[in-house]
């Protein structure tokens, strides 16, 4: 199931990779290099991330977002700890228990909130629950998805407030940034303001969904966690001998703000899609903030799109509700073609 | 530390990737595709492996050899099991306990033998030790490195004998094939004869050292292990959303016997190096069977090579002993230059 | 904080042990014996349990209910599995993640229902959620608390219905029987009908709360789980060298129906307490089915009881709500004294 | 297999319990008490241990020595750590991988030495092996058995030397004191000198083999480890609700130096046995320092003893070698009867 026309809206992971990333990989292929990160691509990556985040950071290139989340959390919580997260979060529902596996069995505890954002009031209660009681798991980290699983973003102020509640109670703060680029592009806030300046200790710096092939990074703002990660990464089978290939992808992804340009593109096509839907009388569940759009499709519209070869998830959340995720690979033409199909139906 | 001249003999992982692999990755980058392995590259890979192994196999592309070993073993042994392996094996010494981590704490028990090969007599004793006794870990799997960490290979008959001892005692059989291609190229035996026909249940099909960038594969000949691996792979953070990029590398690696041509090249340069050393009066510890060579270097030779920019591990195993690992990237000219430097010293 | 007057209603674990159990332990102390369960007390225990359950069972004496639950579940679910249980269940809230620890990181998934009982409709949905999807933990076992954490019991028909839903979907069935005796005494059903005849695979046969000192048992009706448990028990540090001391407690607990007589006593004092409260105009949240009673106490009554030295948990579930747990050690006089204190307040 | 005549020399765990321990348990059975260690027996135990060790200690009563070792080590080493121990140590060979399970997969690395004692020179090498290298497990703790598995003891000076080597390299120090009492009784050194004054962080304070029924204790001299243990103990299913029953056993065991009197008795009967063997011309492998004796028995002597109902392990270490372990329950008469049987054979 492959296509050169971009009719897949299942997820942004259906995209390939932009030419800049391909070129970087090809360059890395053409030379000998010391293994395990002692190479010029990884060096360059470190420098670029320091610039992006306005400070030195510890970076660990890894092969998936799931492992980035799981190792990042493992460095922050003990086996008897709990991770407070939204009940609908990816770490809770879609990683087959990987966070539990790598933390040694820590517990993910749901903290509800509207629009897939953790609610501050609910968090205030959750951080105290069972604290100090040996019969209970110990609240140890807050994990936020930025952007969230429904495409909403936390503002810098919101991250600060939630991280503040966590920090005051002694919890660490983790961000699952599978779509961090889309959130930054939408919010216009600086990566620093959205992370360490707001109290974030470890960030899963997602890249695969927005342009790399098989490379994400753990970006660590906390020294003790970074020390652990040096060993945790190897022990997880993530210390790639030819790490330069991961690093080269990430390096190209960051060069010349490519990552933000790609995210603006997918945010833009999502907005274009939203506009088209509304013009065609299709109801949106919310205005998209990133590159994810939920809409209520009449049956004949849904069926018309499917018949035309468009692919998207539907009738999973509620009857009639469909989800469209745009990627950097989608063009305005792809969107317009979809809208035209809607209008015909 | 990067170089376009191939003076690194530290490990075969210093090589980049051949043009065929780069081209495959570039092709995968140019199109949309369904995620998680439902793509044409993974389909093609499955077909090629079935041809290589002369039967259907379950294949799980992963990002490192360490994770291939660890997950493969985890699918074969319970947490209270033991893995019998050579004391010098990579899984025992060089993976920071990753096999222990993914098996839930199984124990690696050393079974000695000459030339880094497990000795049949020692294995016969080890498979019985503590069996059925709740106070002892239970011998559950044999793991062989093919080729071994010192570059020797197990013949098909040797694999059959050892696997037979294991199987008769109820143990499963795993092969760490980080350099499987080099062993196949050296032995001239078929991949089938060296694996499932000899009793092997799970193979870490190494590719990174011999030509891919960041892709190895778990090749599974056992149905029950394959069922587990579907979940273990995800839970380990190894179900890559853009799996096609791993698969495309492996697919190109297998096409037109590229993998064997590359392995013959590195085996050949190792042999050329051995010949050059001997002609120069340098003593070898053994004739190389694969792409690894141990030699006893006089100090002035060692120092001359280092001064000329050659890199290799030395004085780690015994005073004066140096290890040279060749890769597909080394050319005859690279070898001749090294030998010339030796002769000058 | 110890008292010879029975004014503690915090939990049934405040009781000591009846003379029969003390005598059995004293007998075991007076002789040499082979270790690890090869002794006459463990032999006798096996026979008694076979009689109680009307079939051969595998029995593993352990030192706490938490370990009984955790090991029992570990023998039924893979690390990527989920345990379906009531959100208020002890395994989910009060064991500091021990089930997660021993299962290798399985996930506890709440299935709601009134009166702390799992609802059949909710279970029907939960057993299918994510089944076969590698991104999701796999529903692997149902765990029921019998009696529940609020003192309600599942009838044999209810256990059959819930176990049937689980079994049909391929899940195993576990019962946390910390207060199994109280449930049996209340229901008048046979232990067999409440367990294996209804589809239960593994039972945590609780005894500590109802008469032993530090001994519970895993009772296993499933052969494969029993094989695993032989090793899991040792590996958990629960293969007591002087196991006879655990077995002797359990043996005496079962002899001459002592366990049921003790449970009837605590159920009876709970009923007497309920009657006294009602006569005094105190509102009960529900009629007690076992030995747990929830009541809404006016502040002056609560304070009067506390001032008189009575101890019980209060204002934890809702303002004004207090919980009283009776044990075999409470006498009618103890209850009457409490009621008299209520009436005075 | 039980006997009131003390012909079992398989292990000291064949003994029952002395009257003082039985009486303490009976006392604890007769009263209500708050659970989880808030009781007068646990309070008293804490005081007695503080007196024995000449300082405040954190104490965690547990049900077996295996769990004491495993949790103690888990509080000292990370999952990627290694525990340096004698290859013949109980934690390495006889606990079915429990230390690996509770540490999250740490590796036990053998450090050889004569008489089952870790050799200082070998330890000096081992503490450096792989330190700081992410490919290798990290040497994190030294574990010594006191007395060792062959009944030898480490002098205070020996513990100091070995602990000093470990500490200087940044490792923690653990002692498996399954037979700590026998070592103290033999050495005449103070418990403080043999532990924290010599650099020991955590001690498995064994009691079951020397007089309690099912109670050992983790004695912790390190604050950070103690904080972890509060949660690790619960999560391991070792926070007994009726902890007073464990504490009462240990309390009685310590009162009036009972523990040392019992150990002197078993050391004494071992010495008597050694003397008898030698008088009868039986060769000892070494003079016993504690309550374990290895002797080379002619076949007819071995067979004569077995025929007379004596039980002991033999032909396990080397042909003809038998092991005799005495306990507090053995009397001089028991020994003399055995010797008489030897002389007859």
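Going by the order they are written in, the chains are A, B, C and D; count residues from 1 in each one.
What we mean here is this: contacts are C-beta pairs under 8 Å (C-beta built on N, C-alpha and C of every residue); 3 or more make two chains touch, one makes a residue touch a chain.
Listed by chain with UniProt protein names: A, B, C, D = L-threonine aldolase.
Keep in mind it's a predicted model, so treat the numbers as computed, not measured.
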From chain A (L-threonine aldolase), the most remote chain by mean C-alpha position: D
Separation of chain C (L-threonine aldolase) from chain D (L-threonine aldolase), taking each centre as the mean of its C-alpha atoms, in whole Å: 33
Geometric centre distance via CA averages, chain D (L-threonine aldolase)-chain A (L-threonine aldolase), whole Å: 51
Geometric centre distance via CA averages, chain D (L-threonine aldolase)-chain B (L-threonine aldolase), whole Å: 43
For chain A (L-threonine aldolase), residues that touch 2 or more chains besides their own: 79-80, 95-97, 101, 104, 134-135, 231, 234-235, 239
Chain contact topology (line, ring, star, complete or other): complete
In the complex with chain D (L-threonine aldolase), residue positions of chain C (L-threonine aldolase) that touch it: 1-8, 10-11, 13-19, 21-22, 25-26, 28-35, 38-40, 62-68, 70-71, 95-98, 101-102, 208-209, 213-214, 231, 234-242, 244-246, 311, 329
Residue ranges of chain A (L-threonine aldolase) touching chain D (L-threonine aldolase) (in the complex, touch as defined): 36, 78-80, 104, 134-135, 138, 228, 230-235, 239
Complex contacts: residues of chain D (L-threonine aldolase) adjacent to chain B (L-threonine aldolase): 79-80, 82, 93-97, 100-101, 103-108, 134-137
